[in-house]
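Scrolling down, you'll hit the structures one after another.
Okay, so chain A shows up in both of these, paired with chain B first and chain C after.
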Partner chain A sequence: MSLFWIVLGQPGGLEEMATSKKLITREEWEKKLSDVKIRKEDMNKLVMDFLVMEGYVEAAEKFRVESGTEPDIDLATITDRMAAKKAVQCGNVEDAIEKVNDFNPEILDTNPQLFFHLQQQRLIELIRDGKVEEALEFAQEELAPRGEENQSFLEELERTVALLAFEDVSNCPVGDLLDMSQRLKTASEVDAAILASQSHEKDPKLPSLLKMLIWAQSQLDEKAAYPRINNLSTATLEDPRDL
Partner chain B sequence: MVNCLEMSGGDLSVDLSTLGLDRRRRDDQEMEDEEEAPTHLNTINSSGGFLVVSTDKLSLQYTNVNLHGHDVGVVQGNCPAPTRRLVYYFEIYVKNAGAKGQIAIGYTNEHFKMRRQPGWEANSYGYHGDDGLLYRGQGKGECFGPTFTSGDTIGGGINYASQEFFFTKNGKLVGTVYKDVKGPLFPTIAVHSQNEEVNVNFGQQPFVFDVEAFATEERLKQQMVIEKIPLPLKVSHWIIRSYLQHYGYQDTLDLFDLASVSALPTAPATHENGFCDQGDSYALSHRKILRQFIRSGDIDSAFNKLREWYPHIVQNETSTICFLLHCQKFIELVQLHCVNRIFNKQNGDMEEAVRYGRVELVKFLEVPSSTSLLEDCIALLAYEEPLKSPVGYLLDKKQREVVADAVNTMVLLTDPALEDPQRRTQSHLEKLLKQLTACCLEKRALSRDQGEAFHLHKVLQKRKGVKP
Partner chain C sequence: MPSTAAAAAAAAANQPDELIRRLRSGDGAVKLKALRELKNQIIGNRTKKLSYIKLGTVADVVGVLASSVSIDSDPGSGSGSSLIVESAAIIGSFACGVDAGVKAVLEAGAFPHLFRILSNPNEKVVDTTARSLRMIFQSRLAPKYDFSKNENADCLISLLNSDNENVTGLGASIITHSCKTIADQKILSSAGVLRRLITLLNGSLYQREASLEALTAMLSSNSAVISNFVDLDNGRALSSLINLMEDKSPRTRLLASTCLIVIGRTCSSYLQDIELKNKLILILVELLEEPDRVGDEVPFALAKLIVDREDLQRLAFEANALDKLCNFLQRETLQPKRFEGLLLAIAELCSRLESCRSKFFSLKVLNLVTNSLKHDAADVRTVACICLRNVTRSVKKLSAGYFMNEMVVDPLIQLLHDSSNSVQVAALSVISNIVVDFANRKSIFLRCGGIKELVRLSQSMDPTLRLNAVLALKNFVFLADNSSKECVLAELTVSTLVSLICDPEPKVQEQALAFVRNILESGIDSIKPVFTEDGIIINAVGRQVRNALDLNVCLEGIYALGNVATGNELHKEAVMHQILEPQVNGPSQSVLMKFLQGNNSQLRVGAIWCIINLTYPDGPGTSSRIARLRDGGVICQLKKLADDPCLDAKFRVKTALVQCVNNNSCAK
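The block that comes next holds the complex of A and B.
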C-alpha cells in the first residue's frame, strides 16, 4: 500500500561521521592483551596441524611424544601422501598415480580433473624428455578421449601438445608448462585430493591465522590507533604512529 | 647470573593465572559471547486493542474491524536482536492473510511508535506483504521482492558483517538493504487488517531458511579476501620453529630442522628475511630434560636437576614454582595409588599421598594465590575413584604439561641476556594469537559490539564438512 504519511526522518548516525580515531596507548593495549587467554593445548594443536599438513612426519611423531598432542589424522598416511606428492614433483607421474591408487582408488575415480591433470603432467614429462613419438601416442590414446568429455580438458590438451611445435621450448608461449611451477601445481592438487579423501582441510591453519592477523590489524586501523605487530617474525609491538 | 640472582628474591615467579591451571572452571571467554536473544513477543509495549497475542507469546492476530492508518497492530520481540554474532535472524509464518494481507516484518528501535508499520517511521525497516515493497522511513516503499500471503514463511535478518538487513520468503533470499541505523534493533511484526494471523519463530523451531549456510557463505567471502593477503616467505615455518625452541621441544625441533634442510636445499630457512636464530635456544637442552622428567611424572628428578642447575629458582620454598611442583608430586602419588588399586587392591591406600601433603602442601595454605589449585589437589583425597571425580582433571597428562611449561618459563627467565622478562614468558605464536584476538575484540567493541569475535579454540574445533 502507498504510504500516506509525511515522514521527517533522519538517517541515523550522521553525527558520528566526524568522530576521529580512538587512540589506545601501549599500556591500555597490553592490559587488553593480558586479558586474552590462549590455551597451550590449542597452540600445540596448531603446531601439530602445521607439521602434519606440511608433511613433517618424524617431527609430528616426536611432537606427539614431547607435547602429548594427538594429531587429527593417522600419521602413517602422511608418508604416503608426501610420497605421492614428491613423485609428481620429481616428474614420476606414473609412480604418483600408482601411489594415489594404492592409498585410495576412489580418489582418481571420483576426481576426473585431477586424473586429467596427472595425465597432462605425464605428457609434459614425455615432451621434456624429448620422447616425441611416445608423447604423441600417449596424447592421442589417453588424453584425447578424455578431452571429448570436457571442453576445458581439450583446450589444455591442445595447449600442451603445442609444446611439440616449437624447436626452442624455453622461448615458446606455452613454455611455462615445462616450469617447475607446473609440477608443483599438479603436486599440490594431489596433496589436496588425498587430504580431502580423509575429510581434512587442505591447508595448514597457521598461515591463514597470520593472514587474519594482518587483516584484523588493518580493519582496526580504520577505527583506532594502537600498538601493532608489523613484523610477524619478531612479534614486537610497535607504538601507534599518532602518539 | 647476577641479574637472575637479584630477581630470585621473589620477583622471579610465574603468574598462576597465566598458566591455564584452572581447567575446571574455564571457557569464560567463549561465554562472553552469549547474550540475550528474543524468545517471545513483548506484550507490554504493543499496540493493544488492535491485536491479540497468544498466551505463548509467539503468535498474534488482528482483531479490530476498523482500519485506520493509525490502527496498525505492531509488536516487537521481548529484547533487541543480539549483536555479537555474524547474523541474527527470525521468521514469521502467515497463518491467515486476513482481509487485506497488510502484514509486515522488519526491525525497529526502542523509540518506535507502536501504531505504525515498520518502515513508515525513521529508523525502522519493513518488508510489507501486500505490495512486496521495502520501507525504510523514506516516505514511500522501494521495489524489493514478491508479495506474501497465507501459507508463506517470511524471514528477516541482520548481517552484521555487511551491515545489511536481509529478508527471505519460503527459505529463499529475497534481498538485502543497507542498515543505516545504529543502536539496538527489535525484531518487529505488524498486522493491519481483520483476521490477519501470524506465528513467530525466534529459533525455537528450525528455520525454513538455512541461516547457517548463509552465515557460512558470508564467512567464506571474508576468508577469500583474507587468503589473498601475502605472507613473508617461510614466516609460518619460522614461527613454528621458535615455538618449539621456546617450550623446549628440542627433539621435535631437531627433526623439524633436519626435514627443513632436506626440503629446502638452499640457505637455512632461519636466516632468511633477517630472522635471527638467537634468544630462545637459551638452555634448550636443560629445558628439554626438565620437561621430560615432568612429563613422565618424575617430579623428584626435576627437583634435583633444578637444584643442581638453577638453585635460585627453587631456593624459596614457598614460591609459586615450588608450589606447582609439590602439587604435581602429590598428584603423582595419588595417580600411583590409583594404578596400584587396579593391580593390587591391598596396596591401594593413599597413605603416602597424605603424608606428602601434610609435609609439603600445608606450607601453602597461607599463600592466597594458591588456594584454588591446593583445594582441588586435596579434594583428590576425598574420592574413592579420584579419576572420575570433579577434580579428576588434575590426573590428566595435561596437568604435567602445565607444570612443565611453568618450569620452562622460569628457566627462560634466568637468561642473563634477558632484557624484557614480560616478553620472554610468551612464545611468538602466543603473542601473535593474542594480538589477533585483541584486534578482533577491539574492532567489535568500536563497532557497537556488532559481529563475531575470534576464538582460536573454535577455529580449531571446526573440521571440514562438519558444522561447528
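The block that comes next holds the complex of A and C.
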C-alpha cells in the first residue's frame, strides 16, 4: 500500500547522518510531517476497509454515502458474516454452520480444517452443557470419521474428548478448550474463511499499518530522538527527552 | 418424560429414511425444510454424503430441482427459487470431492437442468448453480465439454463475458477441465478466449486464479497458442504473468509459476533468461513451506519444471531445493499427496546429477525412502521406486555394492507382488539398476528369491511387465559368475527363454537377446548352457537375426552370435549355419551379406565381429570357414569396406582381412 511507504520513506533519509543520535525538534518534525501528502481517498479507503472488516455495517453505509468511498465488498454480506461469527461466539455452532452454508455452500466443503473445528466446537458446547451421552454420540458419529481422514484431527479430537474424563474441568490440562478464547478462535476462523471466499484478505489494513508505525519508530529510536507517538489512540506527538 | 420423547422424535426426524420421505412430499414448505437439513448434514461430511448417495438421494434432489425449475418459470411463485437454490447447493456438495457423488449427479441428469438455470434472473440462484456446476467440472469424471460445437463455444464465451464472478469462474473451470487437445486449444484461441482470460487476470483473486488455471490448460504443449499469447499487447500478457509470480497470494504465485513452466517446457526460448529461471525456482522452493493444497502441489510443479533439464536441476540444487525437500520428507505427519510430491521432486533432482545423488546420501534419507516402499498409497510406493531408481544410477555407490542388502532388496521383491501394475513396473526399474552391482554381491539377490519373481513376471500377460522383468534379468547376468548365470537359466528354463526371444513385442525380443548376449560373454563355459536341447536357443537367435525388422533386435542378435563364435568348433559351425543360410522368403543372399552391404554402420560392425571370431587363427576348421565365406562373397565385400566411413568398421575390417589373408598364405 502506497500510503505506508510514504510514511516510512520520510525517516529513511536520516540514516547517513546517524553516527550519533540526532535531535529533531517538534518544529522540524511537524514541518517534515506536513510535507507528506496523503491522498484523502487513500485515507477513506483505509477507514472503509476497517469498518467493513470489523463488521460495522451501518457505519460503513453512512461513510459510503458521506465520503463517496465504494467498499470492495457488498455491504449486505457483512451482516451475514457477522451473524455467523456471532453465532459461534455465543456457542450456537449449529446455527453458525447453517449460516455459513447459506452464505456459500462451498466454504465448508473445501475447508476440512474449519469444518472440523466447528464440529469440535459443537462437541465442546455439548460437554459444557453437561450432555455427556449426546457428546459421546456426536463425537463418534460426526468427528471420529474426520479423525480417520486426518491424523492431526484425531489428536485434537482426543484432546477434546479428554474433557469428559475430568470431574473438575477448571483444573484439567485441556480445560482451555472451554475458555471463551476457544470460541473466539473458532469464530475468527469462520470470519477469515468467509472473507477468503469473497477474495478478501482476512485482516484489516489499519492495524498492520499501526504495527509498521511501531516498528519504524523503534528503528528510528536507534538513530535519532524525535517527537514520538506513544499513545496510539490519541496519536499525539510527545516531545523527545533531552539527550 | 416428555422432554426425552421430544428429543427422540427430533432424532427420528433426522433419520435418512424420514428425511427422504419429506423430500418427496408434495408440500413445498416441507420439501424446503428437508432440503435445508440435508444440505447442512452433508456439507463437509464425506461419510454422510456416501451414505445418502447409497440411498439414491441424489436422484430425489435432482427431481426437486427439475420440478422447481418449472414452478419458477411461473411468475408470481417465490418458493421456486428457494427450492432451486437449496437443491442446486446440495447437488454441488455431493459432487465436491466424492467421485461416487459426481457419478450419481451425472446419472440423475442434473447437468442440462443446471445449465438451463444459469439464465435465471435471480442472482442467488445463478451464484449457487454456477458454483455447483464448477464443482462438477473440477472432477475428472465430468463429461468433456465439446468446444467444436458452435453453440457450446458461444455458450462458453457468454459465460466468460458475464458480470457474475461465479459464472466467469465456471467458464474458466470448463476450459481447465475440457481443453485437452491441440484442436480444443486452437478453437478457443481463435474465439478470442486468451484475451478474455488475460482481462480476468486483473479481476478478483478468485477470477485471477481460475483464469490462470484455464490459461495453463490452453497453452500446454501448444507452441502456436503460446506464441499468440506472448504476442498479445506487445508481450504485456507474458509480463503480467511474470508479475503474478510475486503476488501476495501463495496460490496465485503457484498458478502463475505453473503457467510459466508450461510455456517454458514447450517453447524454451521464453525460459532462457537465467534470472527468470532462478526466480522461478526460488519462488517454488519458498512455496514448499505453504500448508494445504498449495504446499501439496508445489513439489509436482517443481518436478515438472526440472524433468530432463540438467540446467534447471543444477539451479534448483544450488537453491538448496534438495535439502529442503529432504527436510520436509522427515516431518512426522505428511499427507500421502504431499509425500508423493516430495519424493517425485527429489527423484527428478537426482535423475542426472551425481552431485545431487551424493547430497541425497549425505542427508541420510535413504532409509526413509526405502521404508516408504511399504506405504499404504500405491502412488507413494510408485514414486518411492522412481526415486530409488534415480539415486541408484550413482555408479559410485552401485559399484560399492551400496544397495545390495536385504533392507533395500527385500521390500522391492515384495513389491513385485503389488496389486498395482505401475508399482510393479517401477519396482522392476529399481531392481534393474541395483542388480548390475559390480561388487559381486549378486548372490544376495538370489538368496532373497528375487530371480524367481523376475522369472515369474517375465511370463506376465502385460508386455510392460515382461519387458522390465527381462531387462532386470539381463542386468543381473551382466558380469555375473557362471554359477549365478546357471541358476538364472535353470530358473528361467530354455523354453521360456526361446519364447521371450520370439515374443510378439520387439522390445522384449531385444532384451531377451541382450540377456543371451550377457550370458554368453564369459568364454566357453558360458556358451555350453546355450547349446542344450538341440540348440533351440541358438536357432531362435538366428531366426530373429535373419527375419526381424527392428534394428535393435538384429543388433543384439548379431552380437549374441558373435559371442557364440568365440566358442569351440561346434559353436562356430552353428554360427556359420545361422548367418550364411539364405533368408526365409527373402532374396537368396545371406543375412551376413545383407548386414555388410547395408547402410547401418552398427550392423556392419556387429557382422564384422562375427567374422573376426569365426576366422580366428589356429582353429582346425578355420580354413574351411574362410573358404565358405569367400564363396559366399563375404571376403570380397569386406575388401569393399576397407575404407568404411565408420572408423570402428574400418578398423575391424582390417583385422578380419588380415586373419583371412594370413590363413590363406599359411594354407599355401
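By definition in this document, the second predicted complex is superposed on the first by the 223 of 243 C-alpha atoms of A that agree within 3 Å, B and C clash if a C-alpha of one lies under 4 Å from a C-alpha of the other, contacts with A are read in each partner's own complex, and residues count from 1 in each chain.
We adopt the following convention: a contact is a pair of C-beta atoms (placed from the backbone, for glycine too) under 8 Å apart; a residue touches a chain by one contact, two chains touch by 3 or more.
Note that this is a predicted model, so its numbers are computed, not measured.
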Please tell me, clash or fit, for chain B and chain C sharing chain A in the overlay. clash
Where does A:Ser152 make contact in the superposed view: on chain B (first), on chain C (second), on both, or on neither? second
Between chain B and chain C, whom does A:Met43 touch in the aligned arrangement: first, second, both, or neither? first
Touching A:Trp29 in the superposition: chain B (first), chain C (second), both, neither? first
Give one of first, second, both or neither to describe whether A:Ala187 is in contact with chain B, with chain C, with both, or with none. neither
Thinking of the overlay built on chain A, is A:Glu142 touched by chain B (first), by chain C (second), by both, or by neither? second
Which superposed partner A:Pro105 touches (first chain B, second chain C, both, neither): second
Using the touch definition from the top, say if A:Ser199 reaches chain B (first), chain C (second), both or neither. both
Would you mind checking which one, chain B or chain C, touches more residues on chain A? B
Superposition clash, chain C against chain B - the stretch among 163-171, 271-279, 451-459 or 523-531 that is involved: 271-279
Please write out, lowest number first, the residues of chain A touched by both chain B and chain C across the two complexes. 199-200
Mind listing the chain C positions that touch chain A in their complex? 36, 39-40, 43-47, 89, 92-93, 96-97, 128, 131, 135, 165, 204-207, 292, 333, 335
In their shared complex, at which residues does chain A touch chain C? 94, 97-98, 101, 104-106, 108-113, 115, 142, 145, 149-152, 199-200
How about chain A: which of its residues touch chain B in the complex? 1-13, 16, 22, 24, 29, 32-43, 45-47, 49-51, 56, 58-59, 62-63, 65-68, 72, 196, 199-201, 204-217, 219-220, 223-224, 226, 229, 232-235, 237
Once bound in the complex, which stretches of chain B touch chain A? 18, 20, 29, 69, 102, 116, 120-123, 128, 130-131, 135, 137-141, 180-183, 223, 225-227, 229, 231-232, 235-236, 238-240, 243-244, 247, 249, 251-252, 255-256, 258-260, 273-275, 291-292, 295, 397-398, 400-402, 405, 427-443, 446-447, 454, 456-457, 459-460, 463-465
